[in-house]
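Every chain is named by a letter (A, B, C and D) in the order it is written, and numbering of its residues begins at 1.
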Amino acid sequence: MNFASDNWAGAHPKIAEALSAQSQGHAPAYGASPLDARVEERLCDIFERKVAVFFVATGTAANSLSFATVARPGGVVFAHAESHVIADECGAPEFLSGGGRLCPVDGALGRMEPDALEAAIHRYPPEFIHAGQPMAVSLTQATEVGTTYSLDQISEIAGICRRHGIPLHMDGARFANALAALDCTPAEMTWKSGVDLLSFGGTKNGCWCAEAVIVLNPELGADMHFLRKRAAQLFSKSRFIAAQFDAYLADDLWLQTAAHANSMAANLANHAEQASALRLGWTPDANEVFMIMPKATQQKLSDAGAVFYPWHPPKSLEGKIGKDEVLTRFVTSFATTEAEVDRFGELVR
Amino acid sequence: MNFASDNWAGAHPKIAEALSAQSQGHAPAYGASPLDARVEERLCDIFERKVAVFFVATGTAANSLSFATVARPGGVVFAHAESHVIADECGAPEFLSGGGRLCPVDGALGRMEPDALEAAIHRYPPEFIHAGQPMAVSLTQATEVGTTYSLDQISEIAGICRRHGIPLHMDGARFANALAALDCTPAEMTWKSGVDLLSFGGTKNGCWCAEAVIVLNPELGADMHFLRKRAAQLFSKSRFIAAQFDAYLADDLWLQTAAHANSMAANLANHAEQASALRLGWTPDANEVFMIMPKATQQKLSDAGAVFYPWHPPKSLEGKIGKDEVLTRFVTSFATTEAEVDRFGELVR
Amino acid sequence: MNFASDNWAGAHPKIAEALSAQSQGHAPAYGASPLDARVEERLCDIFERKVAVFFVATGTAANSLSFATVARPGGVVFAHAESHVIADECGAPEFLSGGGRLCPVDGALGRMEPDALEAAIHRYPPEFIHAGQPMAVSLTQATEVGTTYSLDQISEIAGICRRHGIPLHMDGARFANALAALDCTPAEMTWKSGVDLLSFGGTKNGCWCAEAVIVLNPELGADMHFLRKRAAQLFSKSRFIAAQFDAYLADDLWLQTAAHANSMAANLANHAEQASALRLGWTPDANEVFMIMPKATQQKLSDAGAVFYPWHPPKSLEGKIGKDEVLTRFVTSFATTEAEVDRFGELVR
Amino acid sequence: MNFASDNWAGAHPKIAEALSAQSQGHAPAYGASPLDARVEERLCDIFERKVAVFFVATGTAANSLSFATVARPGGVVFAHAESHVIADECGAPEFLSGGGRLCPVDGALGRMEPDALEAAIHRYPPEFIHAGQPMAVSLTQATEVGTTYSLDQISEIAGICRRHGIPLHMDGARFANALAALDCTPAEMTWKSGVDLLSFGGTKNGCWCAEAVIVLNPELGADMHFLRKRAAQLFSKSRFIAAQFDAYLADDLWLQTAAHANSMAANLANHAEQASALRLGWTPDANEVFMIMPKATQQKLSDAGAVFYPWHPPKSLEGKIGKDEVLTRFVTSFATTEAEVDRFGELVR
């Protein structure tokens, strides 16, 4: 019953196999191999347009280099107050973008509230150099709290970006989970809704280490080859990333693993709704389930072998968690089994 | 006959197997797994002292973060004019160390000349703030041109560092090749000779992606956990690096693969010495062989299927390469076969 | 009736004279002149301890270099949400400190609420590298909204800093105005209350350009000479700053000009309290007065020749400003005359 | 007899007067005053084209921000090995341009040798991301060693820049001295010869603190307002810089002070040529004279009250300075008197 995080899992067997198959032979380094090219082509197909693909080591790198390629002096990126870039990346986005600022924007359930976003951007009027200048908006899809933006919600955010002349970045560390939840195409969830830059994550969904910046807007990213190399993020044996993505994208494996994780999360949520000793924080769209439970229940579950984390309550839950209660997070992945979920259900019934 | 680079190879079968064995199960992320701990302990054994180990994505990251942890404002790192940090890292050491400078130091055969190093440091006297201040010396072992520093040569450089109160870094992208060439212990080649910080490379010698900063001097590196995270170099599924190092270091695999690569290079050099149509640039210690040949020979070898690169001649060869000649580099690795080397020998005999 | 800002004024005649007296003769550059030394000694006397003084070009530079000298990777500076470093320095503190983050802390009347500060720091627990790490707290004295922290309030903030092991910085762009308001000594308002680093401003209070970092805590600032030079903030003809400070500090001129500005502000506030067409936002301690007025009154005052700015309402005024009203800021300085203030009083009576 | 440096002087009386005249009254801050605008217009007239002018605190800031506005990731600026940006700015150009690199280029008498520049740029081929990419060339006019580039020499350097698609920056800390030496117009010495960006210095030639970036190429510098503010280089009371420049440029004062300094240097050089106990290093064009003298003479001159510095010999003098000899630098300025020069002549005759 390991629900600690989707990055505690290993790799999907097909991905492990594909990588092993690359242990032999020689291939050009630094992304110049035929396999690297094949993955880029595959992603162009998937996104229904010519995109530029840059493998990097971590999701944090993908986010940070996305910001770096649109950096401006005194530049400000607007993101949800609980977003990964603000809460979990130790200043990497600021540092790797050359000193940019992240401005937190509030909103319920992990989604930026459009009015709050507008108000935040208005604090940086274009001619007032003292404040700085807007440089991007970043939304997380699926969000850090297991919800998703609908296509309309993405478009609304994108509209704000266009009005202010700034690009829209999507942190897609759980891109596949969002895609499976919305049942739409990658193109629809990104550039057709106004997204310019994407952090495309494979690690949480079945790879060991497969992250990429995908530049969707052909007017951006011209300096990304240099930015990535300067950030020490260009792998010499790049094909070991390519091999993972190759298997990940083949035969829709990525969508199947994401759908499985989402389904396991939905089952967990169902158990939570029927449980007496705990309650669901909110309904998940993707692969993260948040539950409010007495500390005694938390202890009992831990004792029974369930692994999960307490979580900092979002503003929307302020006053709704009792003194002896705790908000907890359960994450599912391609590796979560029905048996694990059922066992949890038995424990909380 | 692929002698393009040791990073064109894949992975040693034992390393590929070890990684595959990690595809199942859950383990704490971000370096907290038991396997991560085991590798760190193993490295403490190997280096005969408590060392701190930080996995990173690339050798460039290992070098850059080594400099970052000893960074000073206006800081200057002294390195060989042809070193990787100066010639091949696109400003990453400067950028990731917060704006440091790399000062090139001359010396024959890829080794800094101690007098030239002293003279370079003297241009930055400690009280003259206008110039900046020395912050580290970095030597490459094995060097970029296939030679090695002897233990005495390392100690001499370290003595200069101590006199100026600055740490000594070793770029060990080909650490194992140097170790095999010198037939000494890791401790002797590093801290016992005065090295404080090490970029420990496994990628070129049989791993897919296994690089680490090893902090040998216990007084340094206190902020490295934050520096690495801020540089977006902390892997979530860190155990996929750990698994590679675990197999790499087990049963001295790393020393065997390095010895093999060195031996193949020595054989190549022997062929070159006996060849009529080309000549050896200098005698290699490790796994890189440099040859001077007519462009016609270069073409003939390429046509026969040999893959290798032309190389920018070092100062010591100025005037020694004819108008129709070219300096070329041949790199061997764990994956180089005797058959490839023999075939080369036949072609140039 | 110019109440636009205290940086719209010129220079006090005694300061202009002192500078003119330095137009002749030669003196060592870069801060090595006898006059530079005399000012440093004078400041040691004033602060009743050995302090280190670093002239810089702007208050923004003083703030940013203060942060730079205590910078940590992933470092976070906590400051009031409406502070100058957050609202008006275009990312300079982040950039010049090598990528630090500024975390806004709420609090009424421009002062950080201690509980809010504690809560903000708690979001960056020392062992959780993902979030980053606290690196300083910065308070503004006098605040951006014309109030001051009492000595007890400063000590309370300093206590929080000590518990978390981080230094306390004071942005003293209006240091003299605060001092005059509190009627205490410079030592009491700084290191005796726990302040480690001070941005000491003279520009707003009668100089043309006289700003300095004053390092009060002798354990800090060792690298400041290099930090300042690297930030291009070391003046060659440093004595033109020294001359201004020399006159500024002589015969308590700085305290007199500040007391005058504060007194003019108090008079303005009195007029506001007795006015029918506008009301005081809050009672000022220093030289800034905030008034809420109908837009018609704003227009009438402007037409009559009063120069002042509308201001972004702080959170504490939310809902308290009518639809047709506007918050406005009036700033006084050494150059403000009683006649100007009286004229304002006549207009609003 | 003070020949230590042109930044040991104070201010020209007319400049001191002009500044004093600004001590009264109010004016918009941050460069928005009418006087600021007048200076910018005057510079447009002087340069015979619409230029953008940005006052900054130091020449180092002007150089660094010039590079920042053309910065590229992994970017390299090519400058003479003995240039101020490389030898005397403590890494500010690297830091303020976000991690750029300065590549030293050799050449006799302070001027980059065009072939050496070409060769240096060729080490950074545009498609080879590992090395980095050229981002600018910076030449110093007058050079650090008292010589000047002729217009043809500037044009030749500019031609190299154009072929490689990179801008040409001129470090004009002693711009007026060069102009007086060449007897040409500011337009001819800059944009008509291919210069895109200029660090325009007034401090060494009679101001206290008057430095500016002048953007000559209208396609560049769009982000300079933000870059300057982010570097903490935007003065609030900007008019105190404007007032200095206003007087500096009025009635060709700047050309007269420069011509005077050059003339004093020429006289010093004449004395050196006729002296028995020392010899001229090379013939000066501008206001710096380099002499080789026995250490005994150096001592004798010092004892007699002459202030001057020993200097690090350039490569071209290697082997030409005796064991008991020393290279020395004498700098003249607007404040140098004929009496001082005559006195020197008497001493060395």
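Here is the rule we use: a contact is a pair of C-beta atoms (placed from the backbone, for glycine too) under 8 Å apart; a residue touches a chain by one contact, two chains touch by 3 or more.
Predicted model, so just to flag it, every value in this text is computed and none were measured.
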Could you tell me which chains make contact with chain C and chain D both? A, B
Larger contact count among A-B and A-C belongs to A-B
Note: chain D sits from chain A at a C-alpha centroid distance in Å of 50
Intercentroid distance (Cα basis), chain C paired with chain A, Å: 41
Can you check how far apart chain A and chain B are, centre to centre, with Cα atoms defining each centre and the answer in Å? 34
Going through chain A residue by residue, note those that touch at least 2 other chains and give them in order. 30, 73-74, 89-91, 95, 98-99, 129-130, 132, 226, 229-230, 234
How about chain D: which of its residues touch chain A in the complex? 30, 68, 72-74, 98-99, 129-130, 132-133, 223, 225-227, 229-230, 234
Of chain B, residues touching chain D in the complex: 73-76, 87-91, 94-95, 98-102, 123, 129-132, 312
Listed in rising order, the residues of chain D that touch chain C in the complex are 2, 4-5, 7-13, 15-17, 19-20, 22-30, 56-61, 64, 89-92, 95-96, 203-204, 208-209, 226, 229-237, 239-240, 307, 335
